[in-house]
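Note that the chains are named A, B and C in the order they appear, and that numbering of residues resets to 1 at the start of each chain.
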Amino acid sequence: MDALLKTIEILGIFAFAITGIIEARRKQMDIIGTYSVAMVTAFGGGTLRDVLINHYPLFWMQNYNYPIMILALAVLSIFVLRKSISFSKPVLMILGLLDALGLGLFSALGTSYALSAGVYWFNAVLIGVITGVFGGVMRDVICNEVPVFFRQSQLYATCSFIGSLVFVLLVNFFPGEPLIPLFSSISAAFVLRVISIKYNIQLKF
Amino acid sequence: MDALLKTIEILGIFAFAITGIIEARRKQMDIIGTYSVAMVTAFGGGTLRDVLINHYPLFWMQNYNYPIMILALAVLSIFVLRKSISFSKPVLMILGLLDALGLGLFSALGTSYALSAGVYWFNAVLIGVITGVFGGVMRDVICNEVPVFFRQSQLYATCSFIGSLVFVLLVNFFPGEPLIPLFSSISAAFVLRVISIKYNIQLKF
Amino acid sequence: MDALLKTIEILGIFAFAITGIIEARRKQMDIIGTYSVAMVTAFGGGTLRDVLINHYPLFWMQNYNYPIMILALAVLSIFVLRKSISFSKPVLMILGLLDALGLGLFSALGTSYALSAGVYWFNAVLIGVITGVFGGVMRDVICNEVPVFFRQSQLYATCSFIGSLVFVLLVNFFPGEPLIPLFSSISAAFVLRVISIKYNIQLKF
């Protein structure tokens, strides 16, 4: 179980860090700016989660090599990504998919950690949403200087909410089998998010 | 005493949540955006307070049904408030009064909690100001995209400061009688805030 | 050692608080806005550090007279600095020097505190950067409404990073002699920052 959660965590960190790096290079940031955005995107949600549920040391202090991993990734990006790369359709698609993946992974993970910490189920869902959404929102605020989240969310938080809800429901029906709720929750948020981007779905009310 | 503080807390949460919902609907946000703004406005100040004085579980985790209350309120608002409602004078007045009420209630409450946690009196006053002001500032930043607080505060923080100061002073003069400092503190902040809006008073230096 | 760290802390607080006060007066803020900006600049980095490494009470609660010191400074500034003072070259230079000094002092201090708390060396460097940089970034966000940090950082974070790295390295070579790593770290960050402002050096990749 612990190994499974850690794998999900590392995948989510990589997915989010890469979206942060791409966005930062797009905005012509230097290596330090790029590293900062990657760190905020990858660790923002989990750090806020850990502070809210009083879980210390923070997950990136406990797994103390996470920040060095992101540094390696940011340094690597200098050689791979030019500053102000022109954004072709496939790059934007990869960006969207990685962001959706990170959203799904972190929402399920955040909900799981919150439940383990004894948080009430509805609030655990909220913690899942915060974990999944906060890093990406901070990335967008820093890189676009407009908090789009609150305007045209394209179901961003909604996908995270549904994914977290799926986890809470299934974890009750399949106690002792963490794979089923985790996989279902991640898939639900990921697929919904991809569909909502593809068809530009927005809430009407 | 505990029942009294909890009543004040619930009243403050409702007052602030409603201001958040009205502002969000005014900005044509969907239900998830509206719920997010309501949550940030109602819980922002108290959450920052609890993190600063290391009080866990956070007040909205301890009273685990608070977030569901706000959800019910936000869902209800869809039927009552149209998106982009035209703002008549009475609506703006109600908005101002509720915000002033929340400011007074949360300032007194934050100061009281900080003193109980053994915080030095002047810093307890500051914690009171942070509790009273932070949620509303975050709401305005998200909804207006301009942190007006630092420009034309119209005594916003000042009213909170005076209310918190009144609490600290009176709690020394009337030990064992929490009603007097609480009621005086809330009234002071509320009345000063209403007067400062009505006559558009601003600090000159 | 403790007295030394406290001296550095107070110097850093004064340096940052004064930059916050000058910027706030420049933006025509009133006394409450000025005090708020001074507090955020002086205490922002250290508060975030203490929350991240779970060090309670927060440093400005433990040294409970810090906030009153800043209040006295802000009140004093009303008599000394007119609102919207015209900014001569020497004032801008003093502002830059004080900010560079605060950056150096807080970076070394943050790294030192993080190491004492048992944080892994690379993450202690990051905590040093957060401590040194966060207050100034918040001041600039509030006063300029543009987070310049991520655009033209002029090595802002880089100077803090190098200063913190110097501390971590030297503290291993000179155990039991805190003066050498502290002084070297502060000097490195300060001198690099002053040079980077003077010659407008920016990272090219």
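Everything below uses one rule, namely that contacts are C-beta pairs under 8 Å (C-beta built on N, C-alpha and C of every residue); 3 or more make two chains touch, one makes a residue touch a chain.
Everything numeric here is computed off the predicted structure, so don't read it as measured data.
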Chain contact topology (line, ring, star, complete or other): complete
Cα-superposition angle relating the copies chain C and chain B, to nearest 5°: 120
Residue-number overlap at the chain A/chain B interface, same or different (half cut): different
Between chain A and chain B, centroid-to-centroid distance (C-alpha), Å: 30
For chain A, residues contacting two or more additional chains: 51
Complex contacts: residues of chain C adjacent to chain A: 51-54, 119-120, 122-123, 126, 146-147, 149-151, 153, 155, 157-158, 161, 202-205
Complex interface listing, chain C residues touching chain B: 24, 27, 29-33, 36-37, 39, 47, 51, 56-58, 60-61, 64, 67-68, 78, 83, 142-143, 145
